[in-house]
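Naming follows writing order (A, B, C and D), and every chain is counted from residue 1.
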Amino acid sequence: MSVIDRATALELYRVMRTIRGFEERATQLFGENKIWGTIHSYAGEEAIAAGVCAHLRDDDWITSTHRGHGHCIAKGADLGKMFAELLGRETGYCRGRGGSMHIADTSKGNLGANGIVGGGIPIATGAALTAKQLGTDQVAVSFFGDGAVNQGTFHESLNLAAIWKLPAVYVCENNQYAESLPVKRAFAVEDIAKRAEGYGMPGMHVDGRDVRAVHAAAGEAVARARAGKGPTFIVADSYRHEGHYYGDPRKYQTKDEIEGWRKQFDPIADARAWIVADKVASAAELDGIDREIATAIDRSVAWADQGPLASPIKLPEDVYASD
Amino acid sequence: MQATEARAPAATREMFYNEALGDALRLEMQRDERVIVIGEDIAEHGGAFQVTAGLLDKFGPTRIRQTPISEIGIVGAAVGAALTGLRPVVELMYVDFAGLAMDQIVNQAAQNRFMFGGQARVPMVLRTQGGSGRGNAAQHSKSLEAWFAHIAGLKLVMPSTPADAKGLLTAAIRDDNPVIFLEHKLLYRTKGPVPEGEHVVPLGQADVKRAGTDLTIVTWSREVLFSLDAAAKLADEGIAAEVVDVRTLVPLDLETILGSVRKTHRLLVVHEAIKRGGYGAEIAALVAEEAFDDLDAAPKRLAGLETPIPYAQHLEKSVVPQVDDIVRAAKELVG
Amino acid sequence: MQATEARAPAATREMFYNEALGDALRLEMQRDERVIVIGEDIAEHGGAFQVTAGLLDKFGPTRIRQTPISEIGIVGAAVGAALTGLRPVVELMYVDFAGLAMDQIVNQAAQNRFMFGGQARVPMVLRTQGGSGRGNAAQHSKSLEAWFAHIAGLKLVMPSTPADAKGLLTAAIRDDNPVIFLEHKLLYRTKGPVPEGEHVVPLGQADVKRAGTDLTIVTWSREVLFSLDAAAKLADEGIAAEVVDVRTLVPLDLETILGSVRKTHRLLVVHEAIKRGGYGAEIAALVAEEAFDDLDAAPKRLAGLETPIPYAQHLEKSVVPQVDDIVRAAKELVG
Amino acid sequence: MSVIDRATALELYRVMRTIRGFEERATQLFGENKIWGTIHSYAGEEAIAAGVCAHLRDDDWITSTHRGHGHCIAKGADLGKMFAELLGRETGYCRGRGGSMHIADTSKGNLGANGIVGGGIPIATGAALTAKQLGTDQVAVSFFGDGAVNQGTFHESLNLAAIWKLPAVYVCENNQYAESLPVKRAFAVEDIAKRAEGYGMPGMHVDGRDVRAVHAAAGEAVARARAGKGPTFIVADSYRHEGHYYGDPRKYQTKDEIEGWRKQFDPIADARAWIVADKVASAAELDGIDREIATAIDRSVAWADQGPLASPIKLPEDVYASD
């Protein structure tokens, strides 16, 4: 495992903590009926978005999923505009048209959350094609869940990227479930990363709880892509702390399983532990970061909350681009 | 013709729309072991809208066959199963995902019988749900009935009440053709009296849900409820609207529609799907073709705006006909 | 309005429809290096209908990017490429295969801009072809324009002549929105004069291909040629039919249609797609809504029968409007 | 390699020879403008259909492709009704509605040729589900080309079959091309059969020129399926003697390549050689079979040709089944 310097370690911690804080606040707002629709919490999976996006520039691209807040934050989004979107404000990233499942931030290369499982995979592939075609060294990363791996889009995209040697990284967040379906019932193969071989591309399998492991693997994959050596498939094992969506009765899980995993599987607690143990930073410093984040979230929500409601007046004009 | 239930059932019970659908599934699965349900999250979770709740315990995991997220694989497997002796009922979680499976629905399920010169039957039901109203935004809120209506070989059902939901689903399962069965996400928690035990509503019969003389509102799915509310408001203003719930879009009960228009001389078609290319165009065009001389005013359509469904609640409502929009349109038509 | 070409080109040359399309591709690829073509068999083979013939030699295999048989992957890659700076033109071999890729077309390409609150543009063209007449049977002969017309966020073009094919494809490539460009397999080997060099036909302008006073025939794609033949026959019998080629179904040039109907007072819509839920319903309904008092007869549609397209030549012709069918329908309407 | 008895050897030979004869005659009729639409010749690939279908009963199912004549014949179809279909007669398998790309023979378990590449794969999967659900020992085989392997349907179907342990056999006919695209440009993986591992199912790779090799591999796979042990993926290397379709200018191939392969790759000539060399039967016996087949084909064409043209009158009534 590559050694992570202090700045990187703290940045990874900060990103993970921000994601967790965002999800906690979003969940709270949802519970207060201030958020409409559906939200899917990324809590528990923060190490993946943080570890991967640490290698990306603003002009690199990502595609995200229905569980997209984490990727969005890790790619540098503004928290206020994210909250504003959830609250249906004109000041939100999508001016209230998209909501949680469609937040995009093209200024930072985020090509959008996606409500279609597997829908972002070919789109990232196309972004990688752009980089290759225009001769830039940009990279495209697609995040998706274990469930998406059994979509045809996964298959067709990985093959295209392999034969065209595209600068793409495919990141499967294996959080053990696709809604109520446990991953064991969705696959007859033990190691999902094995599928990479069938496309003639390297497959990597990492512990998605350990941000250092994710960071190391993604570093290799992104470097490979940037150097024109082609795509990589990474499977990061993980666990979602919450239900599939806010309000999920989780009939498909036992209390024991949930509690056991939650405790055992917390990338932020883990990161805190090694940062302090390895003397990268003190607990007090981390507490300071936590407080800064809490303040930033409070401010972001306050800002979002005072934004004007999204205007319905020009909806039909938003459909087509004009010259 | 008016709705004529195949049998007059003895007793009714108040049920939610999703319970009524589950009831039909349960009864048909009991009646015929070839009936199986295939789909995502239909087992322990009971389906995204709780239609299959309880069925896993009753029928076990082979007949309530939960799948990975593989829409075209699932629908294709249902086609193959239907061709070889099962009567599968597929649950596609959102009609918006049909775009992943249209090839199997259209090129295979709908056409196999015809292409094979009559050698095959494809007795399957594709249950799914559409519509806006829950803040699920553009990829989970569409109304796509127009796609299916345009395909030769499919039947197309869109029930608006719990009783119709049960009776039509029963008929769909017993039909030897592929039937697209479109539910609405905001109807699942509506309640109404539902006949107990076997209840069949034949495909191809519209239902006059409210009689009237001043204009005919032809509609389906959730807009039936909106139209009934609108008709009540219109009645207060002395306008008697007749509300025709088409229930099955294919085959279409054109007689009932024409019969109503010949009485009221005014047609308003109301649907949630966007207007351009919506099935309302077909109905308006048919009425214009077949009853031109009976019309006292131009046939009118009230339908969704030409935009994807936006997320925010107030935006969402602004692009889809609401009760007051129907009232307004009806008054314009009559006035 | 009538067709107004953006520039008046100096010279024309006789070209086949497929050559004219290839000419537009070549010129646009020369003009803008962001334009690439993606699809199956488009390289050495030159495309299933020889539209891209010769382009591989000119632009090489990265800009004429031949793909495996992965429709949703290809269309999705085009969406991603369009979002990030290319202007891809996808060749989907048959429109019948759209069922494999509809998710990317509808949930992604058409909606991304709207869902992202205007943050994105998706400048891509999906070229494909449909229609019957070559014995390719039910999975290679459909006319599916109604599916695309119903989707907010897509534009929809169906040229009938070589000149329109070139001019509209040029406009489609320059458009910043996803444009569905539907060719017809039996038009590729039709010939006509085509302006040399840059030739742009703006989207959204119908073209009156023949003027007349007794009825308006609104049509598109191959049925334009049939309608013109029918109009010639009708003229022999003293009936002056005006033939309006809509060219772009979305955006629709309703003014030109209404203008014609206000003159002739009679509307016949002709298309190859099956009638039920076809785009002809939209046009008939619009005309009935907007020009009811101008109509002297019920608006009429002549369209495909509600069957999949059969294989045998004589069967194939029997389910799709032929010249004599149009003549008959026009006479009924006028008589 | 398992030893093949005389009866089986001669039956395999007969099936292959019949397929070749059918294709030669169909090609001729097409050249004479008697056949409408498109036809795709199976010449060169006969060993695959013959070797696989030899293990199937009439109540086992197959799904076929646009290149479907071979599978149809190997599954026991009537040649007259096949020709009648190509000629657009009411007496054809599909009463002139289907044509070459849609010939089905449900009485023999043939669920149809399919004009959609990859379209038959989930259908065969569903047929296998029927067998499993009803507790029979029927087997479903899906034939498809190398091109179809990069379709999403392939991916989703193989995964479903693997997790459900369905009695299915997936047979990829790798004839080196998907229309004009050489297989080398469609895959970055050397051995297509490797993809099986990603689904947790056995993959087999056989020489599709050698009917004994195909027969042996298919025997194992079908037995496995029939015994309830789950699906198998077989890749059979092959070569099509003709262009993709009748009239293909084959601009993507050199004359040398075509002539070289054609000579080198002829499963029927090969079979003849070992049948005679191993003294399974004499050349004269094989000549006799050839003559019988030629006669049968002549008779079939004559029968087909006198059938009435398909009737257009009841077309709309053929769309829906009534009770």
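Following the convention adopted for this analysis, a residue touches a chain if its C-beta (ideal position, glycine included) is under 8 Å from a C-beta of that chain, and two chains touch if they have at least 3 such contacts.
All values reported here derive from a predicted model rather than from experimental measurement.
**Student:** Please state whether C-D or A-C has more C-beta contact pairs across its interface.
**Tutor:** Looking at contacts between chains, A-C has the larger number.
**Student:** With chain centres defined as mean CA positions, report which chain is farthest from subunit C.
**Tutor:** Centre of mass proxy via C-alpha means gives A as farthest from subunit C.
**Student:** Quick one: report the Å distance separating subunit B from subunit C, using the average Cα coordinate of each chain.
**Tutor:** 31
**Student:** Quick one: subunit A and subunit B, Cα centre-to-centre, how many Å?
**Tutor:** 37
**Student:** Compute the distance, rounded to whole Å, between the mean C-alpha positions of subunit A and subunit C.
**Tutor:** Centre-to-centre distance between subunit A and subunit C: 40 Å.
**Student:** Check each residue of subunit C and list the ones that touch at least two other chains.
**Tutor:** Residues 67-68, 70, 72-73, 96-97, 100, 103-104, 107, 114-115, 137-139, 152-153, 306-308, 310 of subunit C each touch two or more of the other chains.
**Student:** In subunit A, which residues are in touch with two or more of the other chains?
**Tutor:** Within subunit A, residues 94, 96-98, 102, 114-116, 119, 150-153, 155-156, 159, 163, 185-187, 318-319 contact more than one other chain.
**Student:** Which residues of subunit B touch subunit D once you look at their complex with the stated criterion?
**Tutor:** So the residues of subunit B in touch with subunit D come to 34, 36, 62-63, 65, 67-68, 70, 72-86, 88, 103-104, 107-108, 112-121, 123, 152-153, 155, 176-177.
**Student:** Across the complex, what residues on subunit D touch subunit B?
**Tutor:** Per the touch definition, subunit D meets subunit B at residues 61, 63, 92-98, 102, 104-107, 111-112, 114-116, 119, 121-134, 140, 152-153, 155-157, 159-160, 163-164, 318-323.
**Student:** Could you please specify the touching residues of subunit B with respect to subunit C in the complex?
**Tutor:** Of all residues in subunit B, those touching subunit C are 72, 96-107, 110-111, 114-115, 137-139, 144, 146-147, 149-150, 152-153, 250, 273-274, 276-282, 284-286, 288-290, 292-293, 295, 297-301, 306-308, 310.
**Student:** Within their complex, state which residues of subunit A touch subunit D.
**Tutor:** 150-156, 159, 162-163, 185-190, 194-195, 197-201
**Student:** Report the residues of subunit B in contact with subunit A in the complex, numbered from low to high.
**Tutor:** Against subunit A, the touching part of subunit B is residues 40-41, 43-46, 66-73, 96-97, 100, 134-140, 305-308, 310-315, 318-319.
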